[in-house]
Structure formats: structure tokens, C-alpha cells
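Each in C-alpha cells, the structures are laid out below.
Across the two complexes that follow, chain A remains constant while its partner is chain B and subsequently chain C.
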Partner chain A sequence: MRKLDYTTIFFALMGSFLVLFILIPIVNLMLSSDLNSIIANLKDSQVISSIFISVYSALAATLIAVLFGVPLAYILARHDFFGKGFVESIIDIPIVIPHTVSGIALLLVFTSGGILGAPLGKLGLVFTNAIPGIIIAMLFVSSSFVVNSAREGFESVDPRMEKVARTLGSGTMRTFFLISLPLALRSIVVGSILCWARAISEFGAIIILAYYPLAASTLIYTRFVQFGLSNSTPVAIILISICLTLFIIVRIIIKGWRSYDKT
Partner chain B sequence: MDKKLIILVIVIIAIIGIGVYGYSVYSADSQKGTVSIYAASSLSGQMNATAAQFEKEHPNVKVNIKYGGSSDLINQITSLNQSVDIMASADYGLIDKNLMPNYTSFNLKFGQNQLVIAYTNKSKNSSEIDSTNWYQIFSQSNVTFGLADPNSAPAGYRGVMMMELANTFYNNSTIFNNLIVNNSAITATQNGANTTINSPTNFNPTSKIVIRPAVGDLMPVLESGAVDYVIVYKSDAEQQASSGVKFITLPAELSLNNTTYEPSYSKISINQFSDTNKTKNIKLTPIVYGITLMNNAPDKTLATEFLQLMLSPTGVQITKNNFIDPITPALATANSTNIPSALNPYITLP
Partner chain C sequence: MIKLENISRDWKEFKINNVSLEINERDYFIFLGPSGSGKTMLLELIAGMWFPDSGKIFMDDIDVTMLPSEKREVGFVYQNYMLFPHKTVFENIAFGLNIRKVDKKEIQKQVEEMMSLFGITKLSNRLPRTLSGGEQQRTALARALIIHPKVLLMDEPLSALDRITREELIKEFKRIHKKFEVTIIHVTHNFDEALQLADRIAIIKEGTVSQVGDTDEVFRHPKDEFVADFVGTENIIRGIARVGEDNLTTVDTGNIEIKSSEIKTGSVHATIRPEDITLSNENVPTSARNVFKGFIREIYDLGTIIKLTIDIGEPLVLVLTRQSFLDLELNVGKEIFVYFKATAVNLF
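Presenting the complex of A and B:
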């Protein structure tokens, strides 16, 4: 057992304040409702439907973020170009601005008369008060998690390994899929989890763009306002439990990938 | 390595496939019919119950209701061009002023309510409060009270104007100043017998007053103990009675549900957004709810059927059960035109 010096003890003490600060409200919330109302809410089709909408939309947003963000991250990791700092700042903007501002910005563009909403509307895609709207609101605010995490992952892959593969005759795309991607995969997955979790918890941008159909976060808010505290806590508990479970499962799965780390 | 890649690709395709299938099922469902409603937050009990009954009678139809302060909701229709089937306002006058005739052609007065002061066991001095001393309890230094935002909701401006009325009723000219003027950015000016209250965009409350955009938002704050007293509608307080919410009624002159006192009400008015060039003047009137079908309603047929249910004896009973006093038959305002004939059995034409 390592000897505990005063620095470790001091840091542990400071850290435990933060841990308790997060733990106490969550535990208090989980214990605030009785099992019967939680079970009754689990059978409520509105609750099930809104949780499904939130989880699935967040998944769709994460997949889109991965599909477009991983290539972007690779380019940012491997190449220097004019305007690179500008691009990196743009990706981080949605984290910095208030959620309602994101919602308003998206509303102006994706409404049925907007610059993107009108042409996409002709293809049958409606964004206001529809699931595509929820997905793009989630995508807007959480995509940077994937890009930043993937970029760090690619940066930690030694470029020499890629060059070796090239000298052995592998094409650029094949090198990417067989060398770069697997080595950066853990960072990409971690970034995707963060993206997915952030997407599920989005509220401000969603209520402006797509108040209906009710996502889980919107439902909890309406229950809170229309029916009071005691009616909103069971749904909140259900949502927290689902998020925590999925979070823990994915964390366990990627533990086995430690063997790919550099050290 | 190649096997894992293939599995990954299969999983991704499967997820996309499930998603596309789920989405097509979802959108097929919603094509059966949707009624979209903007309603005053104090109508949440009544509207939710009416919507449940409507969905029972019309399977595969979804009623989507957005609640909020009536001024805010009407603003979303006029400034943001939100299209919606039905608008139900806690002040019928707002529909007359802002939606007629450009956005809608008729206005039906369908319900009444009154102001009360709601509290719980956690409220300070709640054992002493009654309809004669509430303003004194409010003025105690450690007591907080809550109001809806006068710029967002009729409950807000009615609460503020009621406090001005209280000056006359209790023969005490300091009430309004003590409680409202000293704790917010609101001011009042007298011209002769009339009082005009100015409500700037930012209420700027001190810690004594809790402001929320809609009257229903005040109830969770009250229940959590974060505020002592709230000025809400009787229906809001009755709906939360099972959560331990109690209320005192106000004297008939102040509760705003008695047309006898209309002459004294009309002396008081409020300027919403008084610090902008978009200011709107609203006179104090008894509390009467109005409802209308919008001109550009996405689904006029279904929306008319919803109104039919709401104004029919079944709907009137639901309204009563949810503590709104129904006006039946509903009264069409004098300038209403083009009322769907299906509603005629339940209304009095102008």
C-alpha cells in the first residue's frame, strides 16, 4: 500500500467535495419517489414513447456526428491548413453559446421557409415540431464532443505507423481503416458516449425547434409545471437510471481495449 | 480484424434500419390527425382531460397542447408566425385585441375564474393569514410572494392590478407601493380617477417577489417551499390541493370574478413592455377565458370537432371538474363572424 502523503490526502479531500456535490442531489432525487409511482410511470405510454424518442434521436445524432466528425477529426489531426484554427473554433461554438440561442439559430434556418428548411422540405423533411428537428438540435450541441475526442485519438497515433503501412503497399483509405481507426477507436467511442449523453440531456434547443413530439427532457418539464414536483420526479428517476445503466455498460465494454493504448 | 469490421458494419446498418422503420411507423401514426393547441397554463387540467376524452373518441388522433402565459403564446403566433389550430386565452380581451381580425374571425367566452392566494404549511405565518390581513403578512420583511410575469400572462397583470385595487378597498394607499413598487421596476401614475401601471420589459424583482412566465409555473415553486405565497387562479390552487396546497379567497371586490365591480376595475389599466415602442395597454376586466380557431389552422375539421366536444355538455362537465367555472352556452363576442355552424348548439351568437 502506497504511503499517503499530505498532498494526496488534501487533494482527496478537495475532490470529495465535488463528488459529494454531484452525488447528494442525484441520490436524494432517486430516493424521493416511491416504487409504486415509478412502476406506474413505467407503464405510461407517454413516458415510454418520450424516452424512446430521446434515446433514439440521441443515437441518430451521435451516428451522424461520427459519420461526419471522424473524417474531420482525421484531417485536423494530420494536416495544417490556412483557417485551421477557425474551423476548430467553429466546432466548439455550440458548447459556448446558450442552448436557447442554438435553438433560435436552428429555427431560423430549418423552418419551412428557411434557407435549408425550404429545399429539404421539398424532399419531405420537416424539422419544426418533428423528430428530425430534435435530431438536429441534439447534433448541433453535441457533435463537438466526437470531433475533439477523435482528433485527440488520431493525434496519439504515431504517423510513422501509417507511413510504414503505405510503404508496404497499403492504399490511403485501407491504411486509415486498418491502422489509424482501430488505434484511435477508444477515443472515438468515449467521444461518442459523451456526445450521446449530452444529446439526451438537451432541452433548451429542443423546445424551441420541436416542442412536440415530447422528448423525455421536455416531458419532465411539462409534468413539473402542469402537475407539480411529485409527478415529475418518477420520470426523472427513470431517465437517470436508463442513462446511468447504458453509460456503465459502454464503459465496461471499452475497458477491454486498454491493450491498444500507447504505453 | 476484418471480421470485427464486418460485424460493426452489420450493426450500423441494423441500427439505421430499425431507425428508418421506427420513423416510418411513427410518421404513419401521426398522419391520422393532430390537433395543435396553445392554451393558458391555468387550463392545463381542463385541456388535458378534454384532450384525453377527445383521443378516446378519435383513436389515432393526437392532441398536442403547449401551455404558457397567454400573452406569450399570442406573441408567438403573431411575431413568430407559429401555426396552430386552437388558441385558448385566460383573457378573452387578448384575442380580441391581437388576433382579430387578421389571425382569427371569432372569439368565444367559455369560462371564468378568480384570483386567490395559495400557500402551504411551509409558508410563513400561514396560520394567521386571511382575506383581511394578507397584505400585511406580505409586507413582513421575511415573507416572499410569487406572481406571473405581467408581460407574459394575464394572471400576472391581474395580480398586479388587484394590488392597486387593494389600496382603495382596504382604504390604505401604501399597499401597492410597499409590495410592488418598492420591490420591482413597476411604477404607477394617477390621472384623475384613473390609474395607469407601467410594466417595463424587465420586472427586476427583489428577493421578495418570485416571477415566472406562466401562472402554473408558480405551483412547483410553492410546493418546494421556495416561496411563501403565490397569487394564482382558484383552479390552480384546487388542482394542487392533494399536494398540500391551500388557499384563501379574496374579498369579492378583489377576486375579479364579479361583474358588479366592473366600473371600478375599468379605472385601472397596465402598459405591458412600457419601456419599448411596442407597449400594449390592457384595462382590468373580470376574469373571462376566450377560445378561438385560427384562420390558418392546419386541421380545421378536427379542431372544430375538438371545440364541439369542449363546449358540449360532456366538455362543460370536464371544465367544471377541473375547477374552471364554465360559461354555457359559450358567448360569442360582438365582432365574431364565420363561426363553424357545428358549434351553434353550444353557443350564443353575437
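Presenting the complex of A and C:
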């Protein structure tokens, strides 16, 4: 039997505070609504459509973040260049500023008269009070998760492995797709899950940029303000269930992947 | 043939300075130098992983200075093998052929040949992390050689291995060198490896070449103090070894017989470190198995220590403190007894 010393016991007690602090409200929330009202809400087309908008927009934001974030992550992992620190700080800015501030900053640029909103509007892309607005709000606040996680993934791939692949006749691009990407994929997927989860939970930037169409987080807020707690809780439960289910499924899938950790 | 002409490159923390070298076709060439001397960088420059700031690199008289790695046809083996961890042994070896879009059946055939050549056929479907160091090294060699490179570059290929595996692989390298008729450049800081494998050696010091030459030449006639220090002031004597009834190896150099506690037969090099040798003016009884009468041929005064060359039928270098030198009243031509233990004699 393992003997526990006082320090371990003390630290465990201190540490359990945060675990319980997170767990109790979530569990309580899950139990605080009866099944009938949840089922009734599942039949409510406004609820279903708002959840769909959230899931879909978060997915779109994540795909965009991966498409542009992975090349950036690779550059940051492999090269030292003038202004690298500056680029790194820019990527982390959305984490440190309030999300409503992000929303205002985005609105100023993407409104129909804004420096990006105006030209894109001519191409038929409208952001204010439209799904593209929700997507860019989500992208803005969550893309750094993909970049940072993918970068860690690429950094764990020894550059000499790429060099060997090159000597065997593989060009730089092919080496990236055959060696670096597969080995960093796990980190990229983990970053994408975080990105997607962060995107789906976004509220502050969304209500400023695109209050309508209602995303799930906005709907919960609207219901709470208009009809009170009992009306917003079932929607919250549905959203959290979907998120947790997807989260668990993806985690199980990547757990089954071969791991190539260095010995 | 590989020719480096005044190659320089500055990596801020590191520098290759005006290196010129010629490596002949089918040479087993060794870059020998202490860690941090720039030998790996030099190897990576030859492989095209970096481009020099100035100077030129030729392979078979073609200027490849600015040619990227993938077009140079070089094989590269790193100290930690750098096998692709997500690919099996088979897939690792097949990598170069797959890139070249070789026919599937042909790949199968060539990879199987390679695996049987290196005795790793059974490992075909294993992932690198499940292999021992020696197995990984063989896989890395097979992967590099299957594309029939113009030159095989190896960066400290034996440093991460235990002694027994190292001995095995040294034989393997000799075999490969013969069988594939390939030029090999091997980087090491271990002078035993150099002595056993190299046709020619370049001593690398702080990003420059301090001496190039045939192995014997470099070891016997170190050009400057750095080379002498680095290759060791060791005594290296060639001879034929046989194992006697006393379970000791006797090395016959043609002039004298040296006893060693290491068991080896055939043609060997015996090395004796100078500090393991003791001197006496008289033939005193001793447990040392090697006792020789010789005469002092040369005396070098190095300040606090004195270096002597003593002729015992073979020249033997040893060092003394100034005090013992004075106590023994030594001078050139004086007869003296030399002692060293059988355990002080290393064979390879």
C-alpha cells in the first residue's frame, strides 16, 4: 500500500476546490430541469436552429483557423525571423482582450461601410447580423488555439527527420505532407477541438457583431433576459450535452491513434 | 569524388571557416574532431541542408553548391537514426523508392533484399520505437543505401550504441563499404572508430580542417599540438594477436611481444596510454606482465611534465613528472626498464 504524506493530502484538498467549483454548477445545471421541458425545447425550431447555427459556424471558424493557422504554426516552429515575437503576440491578443471589445473592433471593420466590410459587401458577403459575422467573431477569439497547439506539434518533430526525408529525394512540400504533418496531426486535432469548443461558447463578440440570427449562446441569454431562468436552463442543458458528447467522441477517437512519442 | 573549395558559413553561434577538402571515390573518409568543432555542420553542408556563404562544392566534377538536398543523391544517417516514427521498418526503407515512384513490386523486392542484407527481415512491420538501437541503425542504413547514393554521410553513427553493438556495426560498415562500393564520410569524436574504419582522416577544429591524410599518417605524425592532443598521445602498435594458455593475448609486432588481457586474434592494433607505463633503472620484480628493456631515444621538456620516447623494439611514448624525471637521472641513450600491465593494453 502506498503511504500518503501530509503534503500530498493537503495539496489534494486544496486542489479539489477548483474541480468541485467547476463540477458542481455543471452537474447541478444538468439536473435542474425536468425531462419534459427539455423534450419540449428539442421540438422548438428556434432552439434547434440556434444550436445548428452555433455548431455549424464554430465548425466553419475551426476549418478556416486550420487552413490558415497550420502554415503559420509551421513557419513559427521552424524559422527565426525579424518580428517573430511581434507575430506571436498578435496571435495571442484575442485571448487577453475582453470579447465585447473584440466584437466592437470587428464591427468597425466589417460593418457595411468598414474597410473590409465594404469591399466584401460588394462580393455579396454581409457580416452584420448574418452567419458570416458569427463565424468571424468565433474565428477571431478562437484561432490562436489552433496556431499554438499546431506549433507545439511541429516543434516536437525533429527538423533532422525532415532533412533526412529531403536527402531521400522528397522536396520540401512533400516532406511537409509526408513527415511533418502526420507527426503533428495529433496536436493539430487537439488544437482544433479547443478552437471549436471555444468558438461554440463565444458570446461577447457575437452579440455585438451578429445578434441575429440567434446563435445558441445568444438565445440562452435572450431567453434568460426575457423569460427568466426556467426558460433558459433547458436550452443550456441541450447545448452543453451536445458539446460534451462531441468533445468526448473526438477525445476517444484521438486516444486510439498511434502515438509516436519519442522514447 | 567530392571536392570542397574554400567553404565558409557563419551560423552566428557557429562557423565553418574556409574548408577545402578532396574526398576520393570509394574512400572511407572520417571527420574527426571534438564536439562543437563543426563536423556535423560540414556534413550537413555536403548534404545540402545548408548552403555555404562562400565557396563551392563539387560532386563528380559537377558544381552542386546550390543544389537542394533532394537533388544531391546523398544518403544520410544520424546519431539518433531519425527513422520516421509513423512508418514501419518496411515503409521507412521504401521511402526513397516511393518518392521516386518505383513500381510497387520492384519496391517490395528491393526492400526485402535490403532487409535480408541487414538481417532485419523479421522487423518489417515493426514501428521504430519498438526497435533496439542497433536495429534502428541498420534500418537507417538500409533506408539511406536503397537509393544508391553517391556518398553515404554518417553523423556519429555509433555514439549512441553500447560497446558490443558498436563492434558489430563497425564490421557492418566495412561490409557495406565494400559491397556498395560507396564513398562514405563518417563523423566521429572517437579516435578508435577512426583508426578501425578510415582510409583517410580529416581532423576538424573550430570549423577548420587542421590536418588531412591517411589514417596512419595522421596518427603517427600529428601536425600540431591540437591534433596530437586530440588523437591522444597514445601508443599505437600494430601486430598479430594470438591467445595463449594463460588466457592472455600475445601481440607479436615483429620486434617484440606484448601481453594483453583482452582476447583477440589476428591482425590488431594495440594501444597503451602513456600514464599506464612505469619506468625503473633496475629490473625490479613486478606483477606487470609486460617488462621491456629499452633505451631513451628522445626527451621533450614540456615544463611540468617530461615526455619521453623509449625504444623497446617499438617506439613507446610516456610522460613523467619533472621530479621523477630528475630522480631517475635520465638522459638520451640511457638504458631503462619499462613496465606496463596486461590490462593496460587495449586491442582493436
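The working rule: the second predicted complex is superposed on the first by the 250 of 263 C-alpha atoms of A that agree within 3 Å, B and C clash if a C-alpha of one lies under 4 Å from a C-alpha of the other, contacts with A are read in each partner's own complex, and residues count from 1 in each chain.
Going forward, a residue touches a chain if its C-beta (ideal position, glycine included) is under 8 Å from a C-beta of that chain, and two chains touch if they have at least 3 such contacts.
Keep in mind it's a predicted model, so treat the numbers as computed, not measured.
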**Message:** After the superposition on A, what does A:A215 contact: first (chain B), second (chain C), both or neither?
**Reply:** neither
**Request:** Please work out whether A:Y56 is in contact with chain B alone, chain C alone, both, or neither, and reply first, second, both or neither.
**Result:** first
**Asked** In the superposed arrangement, which partner chain does A:P182 touch: chain B (first), chain C (second), both, or neither?
**Response** both
**Request:** Based on the superposed arrangement, let me know which partner A:A205 touches: chain B (first), chain C (second), both, or neither?
**Result:** neither
**Request:** Return first, second, both or neither, reflecting whether A:G228 touches chain B, chain C, both chains, or no partner chain.
**Result:** first
**Request:** Report for A:M138: first if it touches chain B alone, second if chain C alone, otherwise both or neither.
**Result:** neither
**Message:** From the superposed pair, tell me which chain A residues show up as contacts to chain B and also as contacts to chain C.
**Reply:** 182
**Prompt:** Hey, which residues of chain A end up touching chain B in the complex?
**Reply:** 56, 59-60, 63, 129, 131, 177-178, 182, 211-213, 222, 224-226, 228-230, 232
**Request:** Mind listing the chain A positions that touch chain C in their complex?
**Result:** 158, 160-161, 163-172, 174, 179, 182-183, 258, 260-263
**Prompt:** What residues of chain C sit close enough to touch chain A in their complex?
**Reply:** 44, 47-49, 68-70, 72, 74-76, 78, 80, 82, 84-86, 95-96, 99-100, 127, 129, 143-144, 147, 149
**Request:** Write out the stretch or stretches of chain B touching chain A in their complex.
**Result:** 1, 5, 12, 15-16, 19, 22-23, 26, 30, 36, 41, 44-45, 48, 64, 66-67, 214, 216-217, 219-220, 223-224, 240, 243
